[in-house]
Each structure stands twice: as structure tokens, then as C-alpha cells.
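Chain lettering (A, B, C and D) follows the sequence in which the chains are written, and residue indices restart at 1 in each chain.
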Amino acid sequence: MSFPLLTATAVLPAIGAIATAAVPAARRNAAKSLALLFSLATLVLAIVVLVRFDPDGARYQLTESHSWIADFGVRYELGVDGIAVALIALTALLIPFIILAGWHDADPLETGSKRWRPTQGFFALILAVEAMVILSFEATDVFLFYIFFEAMLIPMYFLIGGFGDRAHEHGEETASTQRSYAAVKFLLYNLVGGLIMLAAVIGLYVVAGNFSLTEIAEARANGSLDMATNTERWLFLGFFFAFAVKAPLWPLHTWLPNAMGEATAPVAVLITAVVDKVGTFAMLRFCLQLFPEASKWATPAILVLALISIIYGALLAVGQRDIKRLVAYASISHFGFIIMGIFAMTSQGQSGATLYMVNHGISTAALMLVAGFLISRRGSRLIADYGGVQKVAPVLAGTFLIGGLATLSLPGLAPFVSEFLVLVGTFARYPAIGIIATFGIVLAALYTLVLYQRTMTGPVKPEVSAMPDLRARELVVVAPLIVLLIFLGVYPKPVTDIVDPAVKQTLSDVQKKDPQPEVEAAK
Amino acid sequence: MNPVNYLYLAALLFTIGATGVLIRRNAIVVFMCIELMLNACNLALVAFSRMHGNLDGQIIAFFTMVVAAAEVVVGLAIIVSLFRSRHSASVDDASLMKL
Amino acid sequence: MSAQLAAYSTSQLAAYSTSTGEAFQFWVLGTVAVIGALCTVFMKRAVHSALCLAGTMIILAVFYLANGAYFLGIVQIVVYTGAIMMLFLFVVMLVGVTAADSLKETIKGQRWLALVCGLGFGILLVAGIGNASLTEFSGLAEANAGGNVEGLAALIFTKYVFAFEITGALLITAAVGAMVLTHRERTERARTQRELAEQRVREGTNVPPLPAPGVYARHNAVDIAGLLPDGTPSELTVSKTLRERGQIRDVSTEALNDLKALEQRAEERLERTAIEPPTFKRTEEASK
Amino acid sequence: MENLIALLIAAPLLGAAVLLVGGRRLDAVGHWIGTVLAAVSFVLGLVLFADLLGKDAEDRTLTQHLFSWIPVEGFHADVAFQLDQLSMTFVLLITGVGSLIHLYSVGYMEHDERRRRFFGYLNLFLAAMLLLVLADNYLLLYVGWEGVGLASYLLIGFWQHKPSAATAAKKAFLVNRVGDMGLSIAIMLMFTTFGTFAFGPLLGTHEQAGLAGDATEGQLTAIGLMLLLAACGKSAQVPLQSWLGDAMEGPTPVSALIHAATMVTAGVYLIVRSGAIFDAAPDAQLVVTIVGAVTLLFGAIVGCAKDDIKKALAGSTMSQIGYMVLAAGLGPIGYAFAIMHLVTHGFFKAGLFLGAGSVMHGMNDEVDMRKYGGLRKYMPITFITFGLGYLAIIGFPGLSGFFSKDKIIEAAFAKGGTEGWILGGCALLGAAITAYYMTRVMLMTFFGEERWRNQPTRSPEAPSAEPAAEHHGEAASDHVATATGEPHPHESPKVMTIPMIVLAIGSVFAGGFFSIGERFVHWLEPVTGYEHGHPPVSALTVTLSTVAVMVIGVGIAYAQYGRRPVPVVVPRGSLLTRAARRDLLQDDFNHVVLVRGGEHLTRSLVYVDHTLVDGVVNGTAASVGGLSGRMRKLQNGFARSYAVSMFGGAAVLIAATLLMRAV
């Protein structure tokens, strides 16, 4: 029994959460450093996982398996394939930046405000989310996965509802009411999805007799377990619904703008860059592996929904007046791309989708965190309240621009690679959808540049004339992300090498082959 | 006579006790009714032990008594402190569960 | 006693159906037990309930003995009836009698619901026992062969030893808990007489000291309310406990009638035409 | 030797990185760093050029494979470069003109506090442009393609405090994005059709033909049209030309380098590079020629009506690129001349822009030609260089433009059939109009009476407050105050005039040098292929008629602007004039259809999202809330009533068990 690396990776932040929460209120700065320390340690462990993982080895590696609820065949089974490894690395990488960016977000408000802000609670919750997300990436037991998939809602709920932007244009009262509305909305949407999934999980147990992903997928593959077509479809829908809410896919997306708009920027990043990834990841791992036939059956509908998400999200982003909501709708558009790539059922599409999850995490983090810095300076989320920032805070503007360019997936930055792969992958099988989706890149340019023009350029608004440029801490947060964006844009090979074999296996589960180029075929 | 009657008697007593719990407002009386229910159970257990011809039933009954004793001690203590704070032993007064 | 009981029952207990003696005992005592239970529920005063319950318990003790649970029977009498019920009585004394004793229902529909549920529950239980196949009674003959207490002991200290230990821990905890609960830390300084007086003045209710009992009544017993000038008794003059127990003796009417008689005699002596004085009735106010 | 190719790109890239990350401490030397690095890559270009000349024509192709960029199952893109004659030509043009304009900018941007940043952007542009022309596959080309788009976005919007500049920059990027869409779709088509998008296997080398031949004509036509769409975006061809005029908001050196000499010609490069595809798809080629013809007339007409000197030149750029696209659409008979015209145009148009910049420099940044006049004696060098550029562009016999343009017209006729006649006719007409508007510019600027006397240039409401930052680095508003008052025209400093002189020399002799013995054609032949076109009429006739229409155009212009004085206030003008002033209403169309429509669409969608999509869910939530509100009445808080329900529950449980046992 070797050292349980995966468990350690997930448990470490959990311990960190408890330790941080235990710090007395007087020493809140100590709590911050402690949380940061733990997140960094987790990052180290994640890197160890990354190193120990052998792309050409077995499908699931570093596996752990212990009996848990023997009566129902629920096991504590962990294991990672390339996709999971990549996402774990992303999560572990982002959390320290999120903590660092939110360094002052949970400080007690200045006197006169009624709200109580438990500083160490903020960081403890973030670490708790990290632990659960990592576990749900690692779990290869459906029931185990379900538990963490649901459990991560609780800390998220408190993060959204409990901590808003320091100052708010409408004053503290309305802010808190809107916040709680957003938090409840987030919770309800995801809980409903989760309940439906629970039904499907139970159904799966009834059909398959156990919860082990590997065993069931095995049985599905070699035909020893065959489901009735309708059963399989219903179960698939049950799973997919939950993931589509989390992802989020049109028309189940409306919780995201509220949540991201009301939460502080770091929490918003946590939502869209880390937590939502679980949804798309689960589509790839559970929907496709457990229900290959049903997945193929549902593909056209899902592709259309994804397409709608892409265009719709982009159009709404253009129409927004609130910086954070704009980013939220942009994310909806990007998730459309990811889902499209997954269900295009081509290796380019799925590799692209996985790569997209990583890149989108980084790029959104960069953009959103800088936006957060901007908002914290002016105390307003309305685009109209800014203008000419570029002149007073050039570095801030520059980083903001780079984040924006990454969002519109400029070649040379990481998101371009993934987006193009997704488009090519989709186009290869569904040309019409691929072409329509390409309009998304024009719209992306539109909302990004409009945002940049309205906030950063033009004559300097008096309110922003005294705005300070990025501070050291903030630069420490942004610079590495930007470096990473550029590096992965120029040299994505490290990621693709890890991801590719896993994707190949997933495709073989679905028994799909890439369409061959016509001319080659002719020769 | 069939010893099963003991069980019927136990059931009857238990029901009476339960009803009492529901009807009475005086916490002490409610408590007594609970004791009554416990005793009914004990009777049933004893009858069972006779039925199966081993002493396990009696053991359980014995434990029940011990637990009942402990429960009474704590419960009465609670009642007393309740009475101190609200000058009444009515269970309805402690209606803080109301939304 | 337990010896001959043992002799008596070891012969009988193995049997499928019991001796007529036990049957007789069952029917008589069983009835009494049920009545006692009912009284426990429906008696107005907590004290009476407690006594009825004690009775029921003793009867149950007898039943235990009859079922061959000698040890339990004794324990029932000693521990339950002896210790626990006494504890109850103490608390009743401590708490005193309160308005909670009245059987008047305050929650709408509660009583009916309770009765329906109770009846349904009882019927279901009985039905359950009825259709369970409980014909075969093996009896405790061999189980009690080595003596009931020894048998129990053997079980308790071997098979159930952990449970036994835990219950021991439980008892200690309970004792400590009871002490913690009932022990009252005086949080604020007791208020001096001056402060009390000032509070009375501030609130403006009975600024002077409460009236003494027995005033205008030619009585000086504490349980007799003093009369107000119009002859009605004033509850204020009697101590709170008596008031709550409703143990106020009301003497207003006979007091006034005495006065009337006195005046009549005076009239006769002075040969005056008798003016009909109004006869006093007990006012509702006085009745309670 | 191959390894130098990467350095070619690396030098300016390094410059960009250093200058943009370096921060204020580099302000003092930043511009020199930028210029030197540009020069370095020019020198490297020369070295490689010499190396190529050393080889014999067939294997004048260097390739360098750096690393595998996107290795995914069934999809491989490498970072690899290919330097052949075509690329080489561009490399020299880009780095050469680029270095000159760097030098010019040193003087031009002297007083701008953000000069370091400006040079950083310029270097970034050079790097991206070199990547574009050196890439050995379409995906890498795409990177350069968008890279130059980014650079032009940054440079057009360099004076971001001006809303007009920011808007123009955004517009340019968006319109280009539409083109990029075409390019990406084209790449996808190539991938699905051929399974690769690398030049070598796709377009073939002189050893073995590429896959392109094996595809059906339909597939190739589709690819070709998508490529054309991309070219239209980048090269400002109809219908995606609207951004070029506004792009003049940028500093003049930018207009000279990016929006005249190099970037806007990328479209031509793309088409010529993809020749193998177009040759096999005649329909696509036809469309290309049509686009070219339409644009060359469109641009020319717009150029006639503009009073803003830079916008007039922008119109002319459009039209000249129209010529190139037209030539590129003609296939092997035109490719070489397209590139040749591209090079010569690079010289003289850059020279003209620099001249314009120098004029504005001397005229308090006035751009309205109606407020110029008689400047020749105040700024002689500018006058001479500008004049030479003028002669070159109108195709004065013996100068660069003459050779290249004449060849294109010839080739257009040579296409044969009615198409040939139509295209040739358009090309001729374009030549005439070119002569007309360029003469107009020349006369209005350097001849006639001095209209700038005793009147403030720059009326405060003048839209483009461009060089505010240029000289003071402050907001436009306070600049206007200083700018009012009579200007004092003066010659620009050496650092600005020297590049102009060099370019003038180029624009005089380049054409002739290339054409002697068809040097240029033979140089390019291995890459683009060449066949001699035979016009229905003799080449001499074509040449003569070209000269004739040129003279006519000049004559009309002289009659209008040379003889009678030019009114300072803008005359109402004919309907066509007014339309041309507004870019032939193309912008208005965009605004009404796309902008307005888009706004309405988004606004309504936001409403829908909030009411419908969100409303449904909230509605259900509300109803649930109401129900629970009613249910909470059961919770009256009395322990006993809870106990009742619990008791009832127990009863139900018993009943259930009994029933279970019964059945």
C-alpha cells in the first residue's frame, strides 16, 4: 500500500480549512498566511501528482480503493486520468492566486457597517471548496463523486452570500439583499440539478449493481452490462442535467451572472474557473463513459444548445452594463465552446475542450481578478463609471487588455489553441455548427474591445483621476497568470501530451472514430 | 390464561401513557406518563423473556430501568430550572420552536 | 417469600397456559393497573397522578415476579416506586401547584387528535400482537434453574458487560448533569429593599406595602382574604402559593351576615321597625 | 543559415518585450533600442538574401523547424518557417521600410511622453508581420495575421485619450476579425479536406505537386472564397474596407508603415501564396478579380473627395491594393506583377505618407488640404520627395509605378474575353482617377496661394485632435488652444527627411530596376509560377493608353484646382462628391444595419434573459414559497402538537409494517 497521494492532495486543503477556521479572530492576518501556506502546499502535492502521472501508462493511475458502505457497494475509489490531472493542477494552481487576490476582501468593514465579516472563515471556505473540487476530480466511484459534487455547494453558498464587494453603488442594504438572492439562486439551481442526478445515481445502482465507474464502464464496453435504450437515456439525462446546470449550459445559465456579479472577484473566479469545471469534466468522464449510446443519441440536441450558449452568451455580454456580469456572460459563451468540443466526439474537439477548461480557468482568472482590482479602487461595477483609466493606471490597463485579448482568444495566447481545436473538431463532423460557432470569435472581440474602450480609453473621468496603479501584491497575482497564458499559447505541448491518451480512451468508449480527410481517403 | 395477555396489557398501558403525554400540559405529569410508557415496555420485555425462555429480555428491561432513572434525574432537573426561569411548568410555555 | 414464589412458578412457568391462580391475579391486578394508569393521566393534581402511577408500578412489579423476573420485580419496587417516584413527589413539592394543572385544553383540536391517534395506535398494537404467532411459551424453568439473579449476573457481566459499564457512565453523567442544571449561579446582585421600593414607586403599582390578611374580617388566618370596603375579598392579601393552589377560604358572606344578625338584634332591643337590609350574595369575584 | 530565420523574428520581438515590460527607466533610450533592433533584422534579411542569391533558382528555399506547436491526435501544427523568394521579398520590404519609418518616428514622436511604448508597438508589429510572411503553415500564418491586427489596433488607438482614436482602433480590429473568421474557416476546410494546412504538402513544391490538385473544384472554391474574405478584411477591400479611412487616426508613421506599405498588403500575400489553390478554382479567381476591380475604383473615387490629406492617401492606398488584388486574381500572369506593384507601392506610398506627416508637422498638425497651399518654398525637401512619390503613383513613365501598374493593366486585358476587356477598362479608368486625385492633392498642398495665411488652422471643432499628444502629450482640448493662430511652415529635421529621401529614391528607380530583363518576375517565378499574358491589343497600345489617361486625369485636375483658387470653405459639391466624402455611404450602411440592429438585438436579448429565462424559474420558486408559507402554519411551536404528529407517524409506521407482513 503506497502513500495515498491523491487523498493527501485533497485532505491537505481540508486540514488547512479547519486550521484556518480555528485561528482566533484577533490574528486574522495569521489566518490569511496560513491559508496561503496550505494552498501552496497543495500546489506542491498537485505537482507531485503531475510528475508521478505517466501519460502512456494505465488509464487510471495512483488509484486508491477502500470499502466504504459495503452494503451498497459504495467504495472510496480514487484515480486520475490525464484530464483529471490537468484539472487538479489547474485548481491547485489557481487557489493561491485567489487567496492572494482576496487578501483584503474579507477584512472587517469600516465602522458603521452592520455586516460581520469573519476573515478566517472566508479563506477556510475557499480551502474547503478546493478540497471538494479536487476530490470530485479524483473520485472514480459515482456515489463518492456525487457526494463531493453536492457538498461543494455549501461553502460556495456562504462565499457568495457572505462576502460582497467592499463598497457598492446602492449602499450596503440592497447589496446584501442582492447577494443573498444570488446565493440562494445559485444553491437552488444546483440543488435541483443535484437531486435529479441523485435519482439517476440510484437508478444506475439499480441497473448496474455497484457504483464503481471503472467496473461499470468496463462492463459497458465488453457488453456484459447492457441497459435498455430508454433506461440508458433517462439515466444519461439525469446526469447531464446536473452537469449542465453546473457548467452552465443555456437555458440553465441564469444563476451564473447573479452569482458572479454579486460575489467578490476572487470568489467569482472560484465559481467560473474552478467549480464550474467540475460540470464539464463530469460530462466527459461520466456521461460519455457510462452512457455512450445515449450520449451519441443526445449529441445533436446538446450541440445546438451549446451553439446557442456561445452566441447568446456573447450577445448578452455585449449588452451588459456591469463589468462582472459581462465576464459572466462571456464565460457562458466559453462554456458553450467547451461542451461543444466534448460532444463533437472528435479527438481534436475533446482535447480542445479539456485544454479549454484549463485555459479558460487561467484567462478568466486574469481578466476577472484585474477587474476586481479595478472595481475595488472605484467601488463601482458599472462600466459607465470608468473611463481613461489607461492614462492614470497604465499597468492595470495593460494587464486588463491582455486578459481581454485572452478572452477573445487572440492567437499566441493560450485560449486560441483550445478554441481553434474545438472549432476544427466540431467542423470536421458538423460543418454548419462549426461555421456558426465561428461567429462567436467576432462577438468575443466586440464585447471585449467595447469593455476596454469604455473603461480604459477616452478622457479621464474625474472619479478615476486619482486611481493608483497595481500594487505589488496585485502584480504578483496577475503576472504569473499572464506568463502562463503566453507560455501555454506558444507551447501547449505539455498539457496536450497529458490529455491526449485519456481523450483517445474516452473516444474509444464511445466507439467513435475521427472523420478522415477526404483527399487522404481518396489516395 | 395465555401469557400473551401480558403483552396486551403492556400495549394498553403504553397507549394510555402516550395519550397522556399528548394531553397533559404539566411537564411533571407528562414525565410521569413517559415513565408509564417505559414501564409498559418493561412488562412486554419481561413477558418476552418468559416466552423465549432466556433472560436477555429481563436484561434489557433492567437497562431500561437504569436509563429511565438517569433520564428522570436529568429531566426533573430541567423541569426545575425551567420552572425557576419561567415560573411555570407548562410545556406549552416553552414554545420557542415557533417560527 | 421469593423462595416459595420460585417453587410455585418453576412448576408452572414451563406450561403453555398459566395456572388459574395467576390468571385470577392477572385479571384483578391488571384492571387496577389500567385504572391507575388512567388516573395518572386524568387526575387534576400532579400529586394524585404521582400516587396513582406509584400504584400502577407496584402492580407491575407483582407481574414481573409472576413472570419469573424476581430480580426485576424487586428492583421495580425499590428503585422505581421507592426512589424515582419519591423524586417525582419532591419535585412536585418544589414546583408547587400551577395553572398548568388545569385540564382545560388550549391548543385547538389537540385533544381530539390525541385521542384519535391514541386509539388508532392502541388498536394497531393490539392487532399486531394478535396476528403475531405467539402460541409457544418455553418458560423460564431452565433459565432460572441456577437462580434468577445468578443468571442475570452471568449475562450482565459477560455478554452485556460493555453495555453495563456504559450505563454506569451514563448514570454518573446524569447525576453531574442534574447538578449542573439545577445549580443556579447568581448572576446579578440581589436587589436591596431600597431598590425594590423605588421600582414599586416607578411602576406605580401598590406603592404602599401589600395589605395584611384578615383585615375587616375578625380573622387573622393567613388563608383568609381581607375584605375591601365594599365587603369583597382582596386576593392581594393572601400569599401567592395559596392563591395558586386555590386554597383561599372566603368568609366574606358569613362575615357580612354576622353583621346583619348583629344589627337585627340591636333593632329588636331598641324596638325599632325593622328596615329590610339587603341580603348579601357571594359575588362571583369572591367565589374564586 | 536557416537558423537565422528565427532570429529575424526574434530581434523585433525582443525589442517589443523589452520596451513594453521595461517601464519608464527605458524612456530615454527606448526609441533607439527599437530602431536598432529593426535595423538588425533588416541586416539579417540582407544576409539571408545574399545567401539565397548564392543558390540557383530552384532550391532557393530555406526551412527551419523550431518545435511542434499543437500535437493532438490527428492534428499537428508546427512552429516552422519557410523562406523562399516570395517571403524574402516581403522580409526585405518590411524590415527595410520598417527601419526607415522607425528612424522617422524618432523625430516625429519626439515630444510624446509615451514614445517608448510607441516603439514597442512598432517592434511588435514588425515581429508579427515577419511571422506572417515566414510561417510555413496557415495556422502559424494566422498567428501573425492576428498579431499584426493587434499591433495595428494598439497603434491606431495610440492616443487613447481621444474617443475618435479608440473607436477607430476598435473598428479596425472588429472588421479584421470578420476577415479572420474567413481565414479560420478556410483552415478548417483545409484540415477536413486534406488533413493538413502546411504549405509544403498542401501547395506542393517544385519537386512534387501538392494535395491541392486532388480536391474537387467545389472544395477549392470554398477555401478560396474564405481566403479572399480574409484578404478583404486585412487589405481593406470592398466590402470590408470601411476601417482603413478611420485608421488614419493613428500617428502618421503608423499610417505609412502599417496602413500603406506592409500590413494592408498581407491580403495580397495570402492570395499569391495560395496560388496553387486559386489556380484550380477559377470561380474563386474571378471573384477575386471582381473584388479588386471594384475596390480600385471605389478607393479612387473616395480619394477624390477627401479634403483630409491622410484620408485622401488612404483612399489611394485602397485603390492601389485593388490593383494588386486584381493582378493576384489573374493567376500566374499576374502574381509577379501584383507583388512587384506591392513593393513599388510600398516605397512611394510610404514616401507620400511620410511627406504628409512632415507637412502636418510643419503646419501645426493641420490635415485639411483646403488650409494648405503654396508650401513648396517653405519645405523644399518634403516637396521634392512628395513630388517624386506623386509622379511614381500616377505612373509617370520611367518611375516605379509606371512599370508595375502598366504591367497589371496589360495582364488584366490579357485575361481575355469580355472579362478581360471589363477588367482592363476598370484598371485604365482607375489609372485616370488616380492621376486626378493625386494631382489634386499635390496642387492643393504645394501650389496655389497660401490659404493658411491670417487664419487660425485647426478650428477647435476639428474632429481629429491627433498630434495633441504628439507635441505635448496632453489631452486634445488644451492643445487646440495652443494650435490656434497662424502656422509657420518649416522644414522637418534631418532624422525625418532622410527616410523620405531614401524612399523617394526607391520610388523612382525600383520599378525600372525590377523590370530590366524581367528580373523580378524571374526571381519570383519558382514560387508563383509565371506565364506571359498576351493582351488582345499590343502591349504598346496598352502602355500608350495608360499614359494617355494619366495625362487626361492630370489635366482635369489642373483645370479644376490649378487654374482657379481653391475655396477654403467646403463647397456643397455634386451628389457623387458628397457620397464619396462619406465613403460612398458604406459606413452609414454599416451603422444602420449592423450597429443599430445589433444594439436592438442585444438589448432585447438582455430583456428576454431577465424576464423569460429567469422569470420561469423565479416563478416556480415564488409558488413554492407561497405553499411553504401556508404549510408553516402547522408549525405552531407547541411541543405537544409536534408530539401528536410524531405519534400519528408511529401509528402509520406500525400500520405499514403490519400491511407489509399481511401481504
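Following the convention adopted for this analysis, a residue touches a chain if its C-beta (ideal position, glycine included) is under 8 Å from a C-beta of that chain, and two chains touch if they have at least 3 such contacts.
The shown structure was predicted, so the numbers you read here are calculated from the model rather than taken from an experiment.
The most central chain, judged by the distance from its Cα centroid to the centroid of all protein Cα atoms shown, is A. Taking each chain's centre as the average of its CA atoms, chain C and chain D sit 100 Å apart.
Separating the centre of chain A from that of chain B, both taken as means of CA atoms, is a distance of 56 Å. Chain A and chain D, compared by their mean Cα positions, are separated by 37 Å. Centroid to centroid, with C-alpha atoms defining each point, chain B and chain D lie 91 Å apart.
Shared interface positions of chain C, i.e. residues touching 2 or more other chains, are given as 107, 110, 113-114, 117-118, 121, 125. Contact with two or more other chains is made by residues 636, 638, 640, 644, 647 of chain D. With touch defined as above, residues shared between interfaces to two or more other chains in chain B number as follows: 18, 22, 25, 91-92. Applying the touch definition to every pair of chains gives A-D, B-C, B-D, C-D.
Contact residues on chain B toward chain D in their complex (touch as defined above): 18, 21-22, 25, 91-92, 94-99. By the touch criterion given at the top, residues 188-189, 251, 253-254, 312, 315-316, 318-320, 347-348, 351-352, 388, 390-391, 398, 405, 410-412, 416-417, 420-421, 423-424, 427-428, 431, 434-435, 438-439, 441-442, 445-446, 449-450, 453, 456-460, 490-493, 496-497, 500, 503-504, 514-520, 522-523 of chain A touch chain D in their complex. By the touch criterion stated above, chain C contacts chain D in their complex at residues 107, 110, 113-114, 117-118, 120-121, 124-125, 127-128, 131. Across the interface of their complex, chain A is touched by residues 20, 67-75, 79, 139, 142-143, 145-147, 150, 153, 157, 160-163, 165-167, 169-170, 173-174, 177-178, 180-181, 184-185, 187-189, 191-196, 211, 214-215, 219, 475, 598, 601-603, 605-606, 609, 613-614, 617, 621 of chain D. Chain contact summary for the complex, chain D toward chain C: residues 636, 638, 640-641, 644, 647-648, 650-651, 654-655, 657-658, 661-662.
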